[in-house]
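Consider the two complexes below, in which chain A is the common component and chain B and chain C are the respective partners.
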Partner chain A sequence: MMGNPIGPAQERPPIQAAARLPAWAGLVVLAVLLAALLILGLACGSVHVPIHAAASILFGRPVGDPVWRDILWQLRMPRCLTAALAGSGLAVSGLLMQTLFRNPLAGPYSLGISAGATLGVALAVLAGAGAGALPGLPALSHLGPQLGTAGSAVAGAAAVMLLVLAVSRRIRSNSTLLILGLMFGQIAGGLVAVLQAFSDSERLRAFTFWGFGSYAGVTWAQLPALGIATGLGILMAAFCAKPLNALLLGWTYARSLGVNAGRLRAMLLASTSLLAGAVTAFCGPVAFLGLAVPHLCRGMFRTADHRVLLPACVLLGAALSLASDLACRLPGGGRTLPLNAVTALVGAPVVIAILVRRRAARDE
Partner chain B sequence: MGIFSPPLRFAAAIILGLSGCDHSASGGQAKAGVERPSSGHGENRPSREGEALRYAEVFSMFRSGNATRITVHDPWQGAHRDFTYLLVPRDQASGRAQGGDTQIVAVPLRRAVTLTTTNLRHLEDLGVLDALAGVGSGRYICSPAVRQRLADGRIRDVGDDMHLDLEALVELRPELLFTYIVGGSSDGGLAKLAEARLPAAIEGSYMEENPLGRAEWIKFTAAFFGKAAAADSIFTGIDSSYRALAALAAGAARKPVVVVGAPFGGAWWVPGGHTYVARLLADAGAAYPWAGDTTRGSLNLDLEAVLAKAGGAEIWINGGEWKDLADARAQDDRYALFRAFREGNVWNNDRIRCADGGRDFFETGATRPDWVLADLIAILHPELMPGHVMRWYRRLPAGKRAGTEPSAGARAAGKNG
Partner chain C sequence: MTNRAVPLRTEALAVGYPGRAVLSGLDVELRAGELVCLLGPNGAGKSTLLRTLAGLQPPLAGRIWLEDRDAATLPAAARARRLAIVLTERMELGHLTVEDLAALGRYPHTGWSGRLGDEDREAIRRGLEEAGAWELRLRPCDELSDGEKQRAMLARALAQDPVALLLDEPTAFLDLPRRVGAMRALRRLARMRGRAVLVSTHDLDLALRAADRLWLVSAEGALRSGLPEELAISGAIGGTFDQGDVAFDRATGEFRIHGEAARSARLQGDPDIVFWTARALEREGIAAVSGAGAAGTAAGDGSAGAGTADIEVRAERGSAGPSWMWRAGGAEGRGSLEEMLRALRA
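Right, the complex of A and B next:
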């Protein structure tokens, strides 16, 4: 892999390729899938709530055990919404990075952006820079410290993203860029470990649990902040869809079409940092969703057109994230799996498949 | 991914910590012929000749003549190993070969190091602190006597169990190092200690399921310092006071339901039915929703599973790191879904705080189950303990933001409750 950069340009399906099914139909399918998973996410959990009771409760007619209403409205609903928002945000930021760096293995996790966000959170939580007098990450939910921590995560993500951007202008090799991203992530991880060594046990405990990744900790009070950050990030990405299509054929080509390269870079930087940073701040570092979903979308729609891929990533990212969260509850009896274990088990095979298929295509 | 590896081992430690270290290797039954404080689980085990213990299961001790043989059984989760120590008087120790698996220790020790705080408290209670040359995690220690000795250099801090200062240890040349091992595949650095020729003894009290069994480890410590008689008398006092309190609680008219712990990162580690915490609650006259569970460790549950089973609990103990209820609610307003929270019945064991955020409860609590039980009975059945002054527990005050408009979650919960 070292000596053979994975060149996406010649292997990526052309923009005008005949779609297997019309894009709008595909998007409708994804929307239906997402809706089904949302319903499943609300209906399934460690506590058995009969489906008709769940439906009645959601339509405002409380039936059965009163605790069911709390479980649906206060626990499952925010959890499912968080899963959907986080999945969309990560998938879109992954898509943007893959196009920006013209690298199929780019993503918020693989390029160290999530690690940068983690460092931001660690600075806010462990070093107490987040103005929270309280120990521990749960302090996130105070409006002040909450925004402080999220802002710190976004800043950390942006810092790493800037570094990667700066380096990417000098380095042509895709694999070198990935390794550099990995190294930036390692540096951020090392700094986090140093901070951990100097923090007290309670903060350390809160931070460690946050590091496992979870959608369950986000409350109604926190959802607006996550929703606004994700919405803003996706909106910015939407404005970049056309110039991103031009960018698929290189910066020179994009410039010739009148794309303002500096402004596009700035927009992409802002969007990816906002998405990866906010999701990381609220849910912990979630692996693989950002990397795998854009590939699944390209495979499904047989296109590289960002006007299709962006909404597809929003829908499939949310759906896959909800499915992962559901899988976390598979053991039953109230026992849960760590989110990152599930996303790794789902996402890593996708990455392996990409590598193997590309290698096979080149060897033919 | 590099960001996960450093805290992983730590995570194992805190999970044990969260559950109150409720991992027990062997059963939690009292020995035959000993009156038990309350009905519990398991069968009585026949007593063995020469055995000097009443409740402890993780170690056994036989006194014969001047010598004492101590065997520590499976002192950590998955250890599948016994450790045997033959304690012989100093003047008779020379010439005895270190035979096989049995480690010969000349007693009383004159120069020891301990990495466990439980043990530390034993040394203080037995009056042998002068024989202590070093401690682990010095900065979290609560005991004023030990802090004073740390300050004037009579005791040295040798780091914590994850970052043990081996050079300092070698320089201290202790006759014996008391250590403990938290489960996992490793041997907790025992091989490294052996290479450095530092004799170590394993302290496994946290594996005891019975609170009195945990306290009985004072006999283990005492044997190494020639204080067996003092330990027997201290323990007899603890035992009878615990049983008197349990008998008092057994007469309570009703058993309030109790919920324990708090969620962390979406997971709530709930002590299983066969744990130290469950046993204390049963003896304090509580109805613990997971009392019928057979887990020896903690159950990793999600919030909805705990809410469905314990949302109506009257009392909530050992909650999160909260200053007051407003503080807790600001972290997550869904705590108000619990009845105990809405009614202001949340009790934390952080009344005595020490330097660097440590709690005296974690240092002293394991050695004084009678005091823990007294606090718990006073929380659950205040009418049984008139005039009781809480040692470790405090009821969380409402806090300054309590008067403000409750959130949607709290309102919904209020209607349901």
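Right, the complex of A and C next:
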């Protein structure tokens, strides 16, 4: 009786925990996977480039053929880097939202944060926040207006995030929160449609293409802005890793453990808005990556520890995003699939699996 | 001020919500090594008091001292190193193992990255052992039963290594034997490391037996602190809980349902069987009066004077199990308890 003060300890025979992948080994596997996908992403396309040339340019060695070099350096490299940054950013923001709202189906897309960012972009591009000087989003080469659009997207994401945060304090039901997120997204979408009706055809076309979601439009000139925004967002998330673990127990326990709730909420708001907003501004609204990747990481590492999940989401988010972009180019011959079609085909089954497993667990 | 023997003390504390004080003027203390049970009717403010003591909501007035420090001036992490709380709310913890959960208790002790040192690991191991959760440590939390989950949450609080431990209704989801076991365990936890343990509970009977001290909250917003027996003798427990037909019986330490006892019965025979027979008769509105061998069952309110009874019952433990003989009015009978009750009902 001494060993088990509260009731008999042997209510069920102790079972061995499922074997856990050591965190470092898993992260190495993911890093290798990411590097392989990067090389593959550089090598594949309408013009065939051998793997070794793609690998050379990735590791900074000279590439013989100048045509290959131009294709790799001017076209495929920015696209691949964009895909990696966007995937990391979305996955990390999804992880933060799932813990923040204690909702397994939370993510930048499902809670309407991406829609908020879209509204921000629409305001900048269609309503012409930069007056008549904007010739359309992808054509922008100088950084100024680009940052304006990105800033507008981050502000839109933050606005929806604030709304969701505010209602989440009153709402206990997970599904209600998701429906509300969906409604916020619908409102943002409605406002975008209104803006579209009043904008000229050239801007409308630019905005419509952007809306399909693509990693192809980002140039070297725009990459630093995307890189800094995602880097900053992920850095902020890293500083939140320890309190995020405490938050797994809910706000009450987190506060009783000494978590500064106000500061954590502000940090998470800033980080998620920055990540979801910036990625959406540069790549369009991309669905499912932010929602699915954290779950894949939890399943792979069998842990809820954010000090493992954060780097895992960065790596797997980038890898899955690159794989999706590769799949877009799969048809060949200059034909491409829409990015969101691919991410939906990969991500939706993950969501379905989560729902089915949770239902099964509850019915037991 | 420095008083290691009093981990937690309140000074003119008022708790509640802005504009609505639930409890006020509280001057109480939790002593090291003591198990204190916080009792009171629903809505009397037990949870509000616990939340305020834990720093989860601000006091309306007064102070809380944690050891020798005013809790209001204590940084959140420093408070968390002195005081831990276990709440009732059920939660989904997913992939977290019990050991991971206990490790979260080290939050206020670790640096910004949350890296665990040797001291932390030792505290986690001790917490798991003391809470009886050592065998569970590798199990994921979402596979645990309610009782197991409770032990896991307790292990987390103990890993926090607090001098004061607050628990909100820790026995709510447990069956009776486990409730008794849990309360005894909490008492041992208080004794073992000189912690002060405060437990809110609805389980008056259990609290009366296990607590070193009771904090009794009345619906009017007063708090009385004292030994369980003192409070029982003084009538404070009855004053707090009596409601309608239900009243606290000082003689037995139990609650009784006051039907008017229309008849009385004199019981004789085997003491154990007599005790339970008296219970059964009470349910039928028949008050038991003491007879030979029926010590401790004089539980009626004395309306039926000793010696005069409408019914005579003799209960015996025979070779074929217990049997009852009864005489009521002119009728006599012999048989099982159920047969007797049916006969007396007629």
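Methods note: the second predicted complex is superposed on the first by the 324 of 364 C-alpha atoms of A that agree within 3 Å, B and C clash if a C-alpha of one lies under 4 Å from a C-alpha of the other, contacts with A are read in each partner's own complex, and residues count from 1 in each chain.
Methods note: contacts are C-beta pairs under 8 Å (C-beta built on N, C-alpha and C of every residue); 3 or more make two chains touch, one makes a residue touch a chain.
Owing to the predicted nature of the structure, the values given are computational and were not obtained by experimental measurement.
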item: Touched partner set for A:Trp220, first chain B, second chain C, both or neither; value: first
item: Touched partner set for A:Leu100, first chain B, second chain C, both or neither; value: neither
item: Which of chain B and chain C A:Trp73 touches, first, second, both or neither; value: first
item: First, second, both or neither for A:Gln196, with chain B first and chain C second; value: first
item: Touched partner set for A:Ala91, first chain B, second chain C, both or neither; value: neither
item: Touching partner for A:Ile354 - first (chain B), second (chain C), both, neither; value: neither
item: Touched partner set for A:Ala312, first chain B, second chain C, both or neither; value: neither
item: Which partner reaches more residues of chain A (counting touched residues only), chain B or chain C; value: B
item: First (chain B), second (chain C), both or neither touched by A:Val47; value: first
item: Set intersection of chain A contacts, chain C complex versus chain B complex; value: none
item: Chain A partner contacts - residues on chain C that touch it in the complex; value: 54-56, 75-81, 83-85, 87, 89, 91-97, 100-101, 104-105, 107-108, 110, 112-114, 129-136, 138-140, 142, 145, 147-148, 150-151, 154, 160, 174, 177-178, 181-182, 184-186, 188-189
item: Touching residues (chain side chain B, partner chain A) in the complex; value: 1-4, 6-7, 10-11, 14, 17-18, 140, 263-267, 299-308, 311, 320-321, 323, 327, 330-334, 337, 356-358, 407-409, 412-413, 416
item: Footprint of chain C on chain A - complex, ascending; value: 3-12, 14-18, 102, 239, 241-242, 245-246, 248-250, 252-253, 255-260, 298, 302-305, 307, 361
item: Residues of chain A that touch chain B when the two form their complex; value: 45-47, 65-67, 69-71, 73-76, 115, 118, 134-136, 138-142, 185-186, 188-190, 192-193, 196, 200-202, 204-212, 214-217, 219-221, 284-285, 287, 329, 333-336, 340
